[in-house]
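I'd like to ask you about the structure that follows.
Think of it as A, B, C, D, E and F in the order they're written, each chain with its own count starting at 1.
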Amino acid sequence: MLDGQTVIRADGRKVDELRPVRITRHFTDVPEGSVLVECGNTRVMCTATFTAGVPRWRKDSGLGWVTAEYAMLPRATADRTDRESVRGKIGGRTHEISRLIGRCLRGVVDMKALGENQVQIDCDVLQADGGTRTASITGAYVALVDAMRWAEKHKHIRSADRVIKDSVSAVSVGVIDGKPMLDLPYIEDSKAMTDMNVAMTGSGEFIEIQGTAEHRPFNRAELNTLLDLAEKGNKELQAAQQAALAQD
Amino acid sequence: MLDGQTVIRADGRKVDELRPVRITRHFTDVPEGSVLVECGNTRVMCTATFTAGVPRWRKDSGLGWVTAEYAMLPRATADRTDRESVRGKIGGRTHEISRLIGRCLRGVVDMKALGENQVQIDCDVLQADGGTRTASITGAYVALVDAMRWAEKHKHIRSADRVIKDSVSAVSVGVIDGKPMLDLPYIEDSKAMTDMNVAMTGSGEFIEIQGTAEHRPFNRAELNTLLDLAEKGNKELQAAQQAALAQD
Amino acid sequence: MLDGQTVIRADGRKVDELRPVRITRHFTDVPEGSVLVECGNTRVMCTATFTAGVPRWRKDSGLGWVTAEYAMLPRATADRTDRESVRGKIGGRTHEISRLIGRCLRGVVDMKALGENQVQIDCDVLQADGGTRTASITGAYVALVDAMRWAEKHKHIRSADRVIKDSVSAVSVGVIDGKPMLDLPYIEDSKAMTDMNVAMTGSGEFIEIQGTAEHRPFNRAELNTLLDLAEKGNKELQAAQQAALAQD
Amino acid sequence: MLDGQTVIRADGRKVDELRPVRITRHFTDVPEGSVLVECGNTRVMCTATFTAGVPRWRKDSGLGWVTAEYAMLPRATADRTDRESVRGKIGGRTHEISRLIGRCLRGVVDMKALGENQVQIDCDVLQADGGTRTASITGAYVALVDAMRWAEKHKHIRSADRVIKDSVSAVSVGVIDGKPMLDLPYIEDSKAMTDMNVAMTGSGEFIEIQGTAEHRPFNRAELNTLLDLAEKGNKELQAAQQAALAQD
Amino acid sequence: MLDGQTVIRADGRKVDELRPVRITRHFTDVPEGSVLVECGNTRVMCTATFTAGVPRWRKDSGLGWVTAEYAMLPRATADRTDRESVRGKIGGRTHEISRLIGRCLRGVVDMKALGENQVQIDCDVLQADGGTRTASITGAYVALVDAMRWAEKHKHIRSADRVIKDSVSAVSVGVIDGKPMLDLPYIEDSKAMTDMNVAMTGSGEFIEIQGTAEHRPFNRAELNTLLDLAEKGNKELQAAQQAALAQD
Amino acid sequence: MLDGQTVIRADGRKVDELRPVRITRHFTDVPEGSVLVECGNTRVMCTATFTAGVPRWRKDSGLGWVTAEYAMLPRATADRTDRESVRGKIGGRTHEISRLIGRCLRGVVDMKALGENQVQIDCDVLQADGGTRTASITGAYVALVDAMRWAEKHKHIRSADRVIKDSVSAVSVGVIDGKPMLDLPYIEDSKAMTDMNVAMTGSGEFIEIQGTAEHRPFNRAELNTLLDLAEKGNKELQAAQQAALAQD
């Protein structure tokens, strides 16, 4: 069905093949959820902090809140990136990604079941090789589930399963040299004509689609191929999430 | 084909109907391009500033650059919004939208034909009633063309037509109460389950797709309906752009 | 009486002649007061936001508060000015003008009659051709009156007329090539030896006088001529304010 | 001539009497000019820093530049004021006063005679009891002269006397309980209906007039009385400046 | 015992000799404690502000709080230093010294006896010639005592003597050209191989030791000699503190 | 010699016993030096970035430069700490520690042998359980050596051994309930009366001593015991550094 499957990529993968995924739970000790997610050479530490109570604007609503912050360590990249704390302001890219991660997780959370409690997700990129925002979503979901299990155990919420309505993962797809491909590492990402990040639920629906064609517009047919690839990738990522969550 | 066309909306429109569009060129006198775009009650002033030379990182590349900034006046909204200059930092939403507008315009510009010149787009929302980011893109394109015509006339570039590879416009679509609809005013936007902004070229291809389902995921079928609506809306917006640009 | 009246200026005006004034009320829909004021090519959008309650330091005083913020859109000027939100701080000139506008309006407001309510004035310059701060004061007064009428109608205050003790307008005067002149456009302002902004009440008294002689000091006689010009100009501006406020 | 001279003020002064003025040159050792100016209980340390070269925008103009910064130490006031460095931004009042001081000094400097050199004035208020901005101007002038003498001695400029075209001092005047008065301490300043700062040259001309009537407008007659008082006060301050500069 | 005593320094002092110390109480009028401390050419103005109540995190603890802020005036140094308020952020050195001063003073305060009251120490360097942080500690102690006497007199605390458990002073020591020396002026400080600041109580114990050997490590024997010098210097500084506090 | 050795601590260690140390080199792939250092539960990722060239103020000196930045991930601590990038400024503690790390490393680097090259050290705390600043120094030294070996291999410097004059490590010591102890975890650190961080070279000399007695002053005898403990601890840490560096 996907016509590009005979192309072999720089790292030997087929066009519809994910990079190896590794999800390590309890990566650090104190957070309610702490996950190291690795997608190829991309490594992101995702923590979920559970706090009783919600921000002021949400008080007395009976509803909870989930928010996320994304950041890169200075040497996650080949060239050192200045710290945003040193520059005194957060850049547009960081803001954009933090907001994306937050929306994706809120998309699978039942705020009523969460009650007036807050979860803060932190995604810190230790090493960046493309797909850091999608890896963050995939890892953050696992950290969120762990935090909900902790909250259930400590009687802050009735049931983790009722808070988490569905699972969510995300993957990048793109068109490189005219070929649609799944899960782009940095080298491919930087020459993609079209680049799309797709977050999907375990039941196969979309939470977020962000497609950008700064270099060459894409047509409806290409879009459909990209969505097919994203669907395949997300299914596999969700299997990895479930496998990780099954261990204890 | 679009099954919701018999629904009548609060403002009397059909589900696949745009709000009235008005594009006023030369809205102010000094900018190289200055446009007031009105989509229903949403009003955005878009200016395009042409400057010879490019930022340092782009020097000696032979290529130009296009960038955009978006902002809201404090009383564009029903409740007054504090100025970002007073708060001392730019919020995530502003960053996100500024970057989106920039990418969309760069998607139709031939940077080589532009040469080492820069265009800065400013989109300032005078009144906000939903769809400010898509109206900004639609209006900014017209301001950009005017700036290119100015630059051609003043011999800064060879040909405006060669710089502008295609036109671009954008429109919002969303699912309200289960019904896909075109061009959401604030009242609809705020209760949309799914919300999507779609930027397309005059030749009918996609530049940006940003779909968000914070409140309820969407499936492939809904996605397709939304894209059909967006295609219809963008075609009409592009007709309005061409009509405005034809007058002089 | 004014000895310079035979001089003809670049724009054909006499030395004691105002530029054409236009005051458009209800320029946008949602603010309690929304005015576009045009003095020649200078165009400022002035909104007045009424909010029940006062800042913390003013609580339980029985008194209201009026404050103002001034800003320029980036392409209000011939060369683009960077946004203060992007630079992360407000410049001295902006601060100075915001404070001036606030003082002028407070000078005609009975804070007791306003009660514990706040009015926030926003003056955003769409196009700048000299005299933006004085145009802002002139326009803001009209927006303030509209906001008070709205507040009276919505029973937030007893009587708009009792809150507004007097009208206030402002105009610039200056000495160009040794000649005192009224209402300076940018081209005159930039070569003025002495530059003065004068805000006056409808009853002909002074609220603010700010005279600056960075380039050549001025003597008492020149000062008197400038004040005569300012008096004449403010009377005419107040007539325009009253005419605008009479329509509904 | 001044009708209020029989009123006796809280500190025993007549309405047209200055507070005791003390000007200490060489207050600290390293700056090119360093002055402690005391007007009653108000004490301001004024330093003038001479630097060869001018800011970038002024390069190759053959002209010099003079700029000023004003600040209060935290306990200059009865209640401690938070440091602006700690708050991370400079307030409007500080900006306004810094700009005022700079303009006043530039008003008496021949930029051509200064050549491409810069003088930075720093006025730091050690103790505030009203009139800190006018005391700053009066003291800064003396520091500026010392810096010019230093520059002449070190061959950076040809002649201090040619750079300094005239002297400048400033004083506050105001209307308290309907009585115009000279040189207001804090207790009078805080209940002034009208408050005016007047900077004048040694030859009796105006450099700056800033009159504010936030609490009650003033008429032309009151203005004239205030200007008479300011003229008298400035003459006496200039005598004190000359006396200080005569010692060495 | 100290082997370097025959070395004569640039300013004629012996290696174990302090610079002349002068402590002026009531340097300004309004603060609860206001001290000018001079150590050679280094001059620091130290004020202590007493406020009833403590910061939120300390409420209902029954304990007081003491905090300190340090800053340099722009021309305290040979070259002008930009204001941190203008740069919009506080530098690392300033932070480091402010924290040091705060810790030293808290080290001699009985927080229970202080009760829920706060003292804010401000140390502003008028002239810097080495040892500004140690002079700040020495002067701040005197200002703190004055503030406690004021608070006792005004019945905010039971007894100043019970709040102040011991006195504290500080001095710098260092190794210059292999010779350990006491109380370094700037010229010595800048060529010190090892540099140490030592804060001690009146009873001869240590509150802070900060030794730095960026240029050449030091051994245990050198450390001991430096501590002997610091002990001698601090005893003499404490005598000066007691002498100043004995006058009234 | 150390009299407290029979006390057993909460984690079963003797008073003069280090926590288990683990040093993992090449923790991430791209930096020139990348080390994970673990001291008990404290985990810090230390990277060293080598860049040809030095900051402007150091140009044409023939000398290199080494600088360091320290930061905590938000959930390194039991309670989440807000990001300094979000707060828009770097706190005093962060500044203080960054500067300390930089000084310690510069203390063992021959800047001439480094030539006009820069090394930027980044220490990011993944998990904090006391002693994060000393662990950072210990780990950063290893990352620095790796970066120098890389630079030697890539011909940027002649010899890594000549740049690195000596090794450096650091450890905390403190007095808890009157007992001097080595290497404090958070639980001990928070109740320490006296707290000292000691950085030493491989040849047994001191680079930095920072002792603080906010809660109870310490005498010379206690100081000596603490320094003995620090000496023992640093010797063991240096053995671990050498062992790690011996592997390849």
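We take it that a residue touches a chain if its C-beta (ideal position, glycine included) is under 8 Å from a C-beta of that chain, and two chains touch if they have at least 3 such contacts.
Composition by chain, UniProt nomenclature: A, B, C, D, E, F = Ribonuclease PH.
All values derive from a computational prediction rather than experimental measurement.
*Asks:* When you check each chain against chain B and chain E, which touch both of them?
*Replies:* none
*Asks:* Could you work out how many touching-chain steps separate chain A from chain F at minimum?
*Replies:* The fewest steps needed to get from chain A to chain F is 1.
*Asks:* Specify the chain most distant from chain F by Cα centroid.
*Replies:* C
*Asks:* Based on the averaged CA atom positions, which chain is farthest from chain B?
*Replies:* It is E.
*Asks:* State, to the nearest whole Å, the distance from the C-alpha centre of chain C to the C-alpha centre of chain E.
*Replies:* Going by mean C-alpha positions, chain C sits 51 Å from chain E.
*Asks:* Using mean C-alpha positions as chain centres, tell me how far chain A is from chain D in Å, no decimals.
*Replies:* 60
*Asks:* Report the inter-chain centroid distance for chain D and chain E in whole angstrom, where each centroid is the mean of the CA atoms.
*Replies:* The separation of the two C-alpha centroids amounts to 34 Å.
*Asks:* Listing for chain A: what residues touch at least two other chains?
*Replies:* As it turns out, chain A has residues touching two or more other chains at 88-90.
*Asks:* Could you list all chains around the ring, opening with chain A and heading toward chain B first?
*Replies:* Sequence of chains in the ring starting at chain A, next chain B: A, B, C, D, E, F.
*Asks:* Applying the document's contact rule, which stretches of chain F touch chain A when the two form their complex?
*Replies:* These residues of chain F touch chain A: 28-31, 34, 41, 43, 45, 47, 49, 51, 69, 71, 73-78, 80, 83-86, 88-90, 94, 120, 122, 124, 126-127.
*Asks:* Sort out for me which residues of chain E touch chain F in the complex.
*Replies:* 89-93, 95-96, 98-99, 103, 106-107, 166, 196, 200-201, 203-215, 217-220, 223, 227
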